[in-house]
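Two complexes come next, and they have one chain in common, subunit A, joined by subunit B in the first and subunit C in the second.
Up next is the complex of A and B:
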């Protein structure tokens, strides 16, 4: 039996993607997220502080992060445990399919799903921003837009790409939790807790910088190292408007590399844990 | 007890996971550190000095993400409803909540500070029996207490917007309009005028405050310097008004003849005597 067969991984990924797309949960979340982004111009009338375009972008980025995180965790868990509960995993693994192929296929399938989700939301957001900016250009006249359009539309796709990588990392973490967990509710809860810890770990790191040397400092320092820093992907404020200095391409590459290394690491850890598991 | 017991196996797997993740964290640190620095520099809410503030902010950023703008907007509307009902304790916490959820818009900070410094003193004086019943000293004390609260709020705003002239101006305005203290107000107008994109009137008010304190020579010197620094072609700079004030001060101080200020005149500028 060959280890890591790309063909088998691709087949499992394709099936996982098709299965996930057919799920009602995915379609509901997708529809809600799309409706929310589409209605951002309505919510804009309640805005006091930000400019219209910034508000719409923030709103869209928020929907992408919020619903994407829910989707990445829940769909990964559901797809993994469906195979266990329906005993299809048993049938599959009885054939010449390595457990790593199974995990990698699942992760890749979820990533394909998240790619569809992220692309769709990013494109809708891009369309709404373009429509509103064109409207504003008509209202405010050419003087207000003397330096061209205010929105850097490529940045929306960059943000979408970085979020997609973050969802990949979140799915890998969820898969790792699922590899040793017995129930899907436990996996979902633990994964959400890890998401919050990863979002907040930068605070712990800044805290240990001011702490006196000792066990407490070591513990906080360790926690800062164990959990990936999800705030690295929180670059929405730096992107989008031409009046702001954008994010350098090197930084985007560094963030991507960071995500990829962690995705592979969590996948390998999931494999280590899953290979001993009785199905 | 055998060491291949499931408990030991789980413990070993847990320890292995922690060690692997620790090593990975250490290995990735050289990649992560410059990236984090770059991301952090673009987001003021990641740069809080106080851990307490950072915790609140961090949790809200992580849970609400981009939705914090709309959440803060709705809470602001609710804060205004509370303001109408004059529920002071609830009002204070609402303002704190709004500015914590979304510290980016200046609107929330400035309007919150104004409500605290200008509206709440009226409520408190009325609660204590009204303007006729409350002695002037007590009224002044209430004004001072509320102004201090507003200053604390603006100081927090300055952590997020350290270069914004309107925040310095707001402190100056409260000293001037609420506490009637031009001496304390003046340095804040000066600081506001020194920020990038400061409105021109900040410097003019600073000079006027110097004059009100009787510091006419300093006011004259400041206005002379200011006149040279201001652009010639921007009508908002009001250079003619500056020149008028220079002449008024020269007359007051008895500056005549050759000692008088000689502006570099533009061809279309009239000289005022």
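Up next is the complex of A and C:
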């Protein structure tokens, strides 16, 4: 297999991003997610202090995960099938463009979109937390904040980065499903099922830890390897407050590497399946 | 001997139908050579295997049997597509790009250098006559304009072989004539053109050679003159003969051992008649407009 042209991949990614940001769906989801995060201050629990800030952060992280997952799956599916159904893929692949370049370009384009989405939501969340914490500092006096601010703001960006990698993984899985599927509805449904499996994958891991060695344990272990463990990315609790021990940099690096390996693996699987597909 | 632009050797393509293991044969043992610098027409009714053949030539489909090469390179290789331009049937392009951005995007995909990009894009946009609309969004284009901008993206990287799938489908006769002129110009520039079309009158006036496919098989192939000319008969076109003159001519023909089969008035094709009339009105309109400008 040949990985031909980073330049072509970049071009396709740029065009994919341009197409995606013009979609009403993306803009609607982005606005709803932003509005939800901004409104989190109205749903606060009224016991001031760290619990209020924690509530706002949890609300924001939840919105990021929920809307980000929807966006990663639907936008990847939509952009892939738009090319197939409008036959723009036919025009593109009749040029000296490898099918791998096409897939990698699509994935990179979606990743750029998710980067914009994740950055924007993370920054808004960070801004709201900073504003609320400043307000609380004024209300509660300096004694309550004797050790400085409660929220580790830089770690919110780290959390956003890890979520972005998770969305990349989800997009790669969706692209793999799309590579052999004939309809976008099928792709979306299967990808959401895989998302649920990946979210609950830790149950399988816990199960095989208690199982006796044998074929059943091997099977569960194999499934645990095939489906990435999305719980690894749920590190918001550890990252948020200064009162808790933060996440070591090496762990962040390990999680990032874990995501990258799975992204490349699913992209290669998508290529294998797409290679012989009739355009 | 010059290298063939396209060489199709005993190509068969089967598609699986459902899960029963049955197969549908779209192309059946096709053997075809398209020579360098000719306009070659691929004809056939719907379902005759024209589009499948084009996809095999472009390397988008793998033949079940046989081989296909473009200028000697296997058509499956990406390198073979470096010198190929393709306009699909009823093209659909990214609606949010302007015509110029679209052509530029495809040029960059084909590896046109940055320093040559603007000149290449301007040149093909001028060739297809889209200068005025090049800055408009593709989503606002008419069918004819889409075909022309599609043609521009197909030739922007200066390919040696250009494949046009129904380039005049849905285009009015004026637009179709303009596209035919562009195709002739491309041939004059040394390009090879493979053309698939249902408009037989246009193919007849444009192509050097044609191949007729039916149910995936090659039925006939050759120069149009050879295929449609009756070698046993001659046609005399005369002017100013009265009935007595007709009788005299007939007598001479019979005296020389021939036989007069029919007497009929020469006819223009409807295409040619339509274009002649429209062009005449356009000229008249241009003269009137010029007069009005002279005497405001």
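Things to note:
The rule is simple: the second predicted complex is superposed on the first by the 266 of 279 C-alpha atoms of A that agree within 3 Å, B and C clash if a C-alpha of one lies under 4 Å from a C-alpha of the other, contacts with A are read in each partner's own complex, and residues count from 1 in each chain.
The working rule: a residue touches a chain if its C-beta (ideal position, glycine included) is under 8 Å from a C-beta of that chain, and two chains touch if they have at least 3 such contacts.
Bear in mind that the values here come from a model prediction, so they are computed numbers and not experimental data.
In this superposed model built on subunit A, subunit B and subunit C occupy separate space and fit side by side. In the superposition on chain A, A:84 contacts neither subunit B nor subunit C.
Touched residues of subunit A were counted for both subunit B and subunit C, and B has more of them.
Looking at the shared chain after the overlay, A:18 reaches subunit C, while subunit B stays out of its contact range.
By the touch criterion stated above, A:199 is placed in contact with subunit B alone, subunit C being left untouched. Looking at the shared chain after the overlay, A:93 reaches subunit C, while subunit B stays out of its contact range.
When the two complexes are overlaid on their common chain A, residue A:8 makes contact with subunit C while staying clear of subunit B.
Vertex at the C-alpha centre of subunit A, arms toward the centres of subunit B and subunit C: the angle is 160 degrees, rounded to a multiple of 10. After overlaying the two complexes on the shared chain, residue contacts for A:137 are found with neither subunit B nor subunit C.
In the superposition on chain A, contact of A:65 is made with subunit B only, not with subunit C. After superposing the two complexes on chain A, the closest approach between C-alpha atoms of subunit B and subunit C comes to 7 Å. The residues of subunit A shared by its contacts with subunit B and with subunit C are 276. Of all the residues in subunit A, the ones that touch subunit B in their complex are 43, 46-50, 55, 57-66, 180, 195-196, 199-200, 202-203, 206-207, 210, 222, 224-227, 229-232, 234-238, 244-245, 247-248, 251, 254-255, 257-258, 261-262, 265, 269, 272-273, 276.
Touching subunit A in their complex are the following residues of subunit C: 15, 55, 58, 60-62, 78-79, 81-82, 84, 86, 88, 91-94, 96, 105-106, 108-111, 150, 153, 157, 163.
Across the complex, subunit A meets subunit C through its residues 2, 4, 7-8, 11-12, 15, 18-19, 22, 86-88, 90-98, 276, 278-279. Of all the residues in subunit B, the ones that touch subunit A in their complex are 9-10, 13, 16-18, 20-22, 24-26, 28-29, 31-32, 34-36, 38-39, 42-43, 46, 51, 54-55, 58-59, 61-70, 72-74, 76-77, 102, 104-108.
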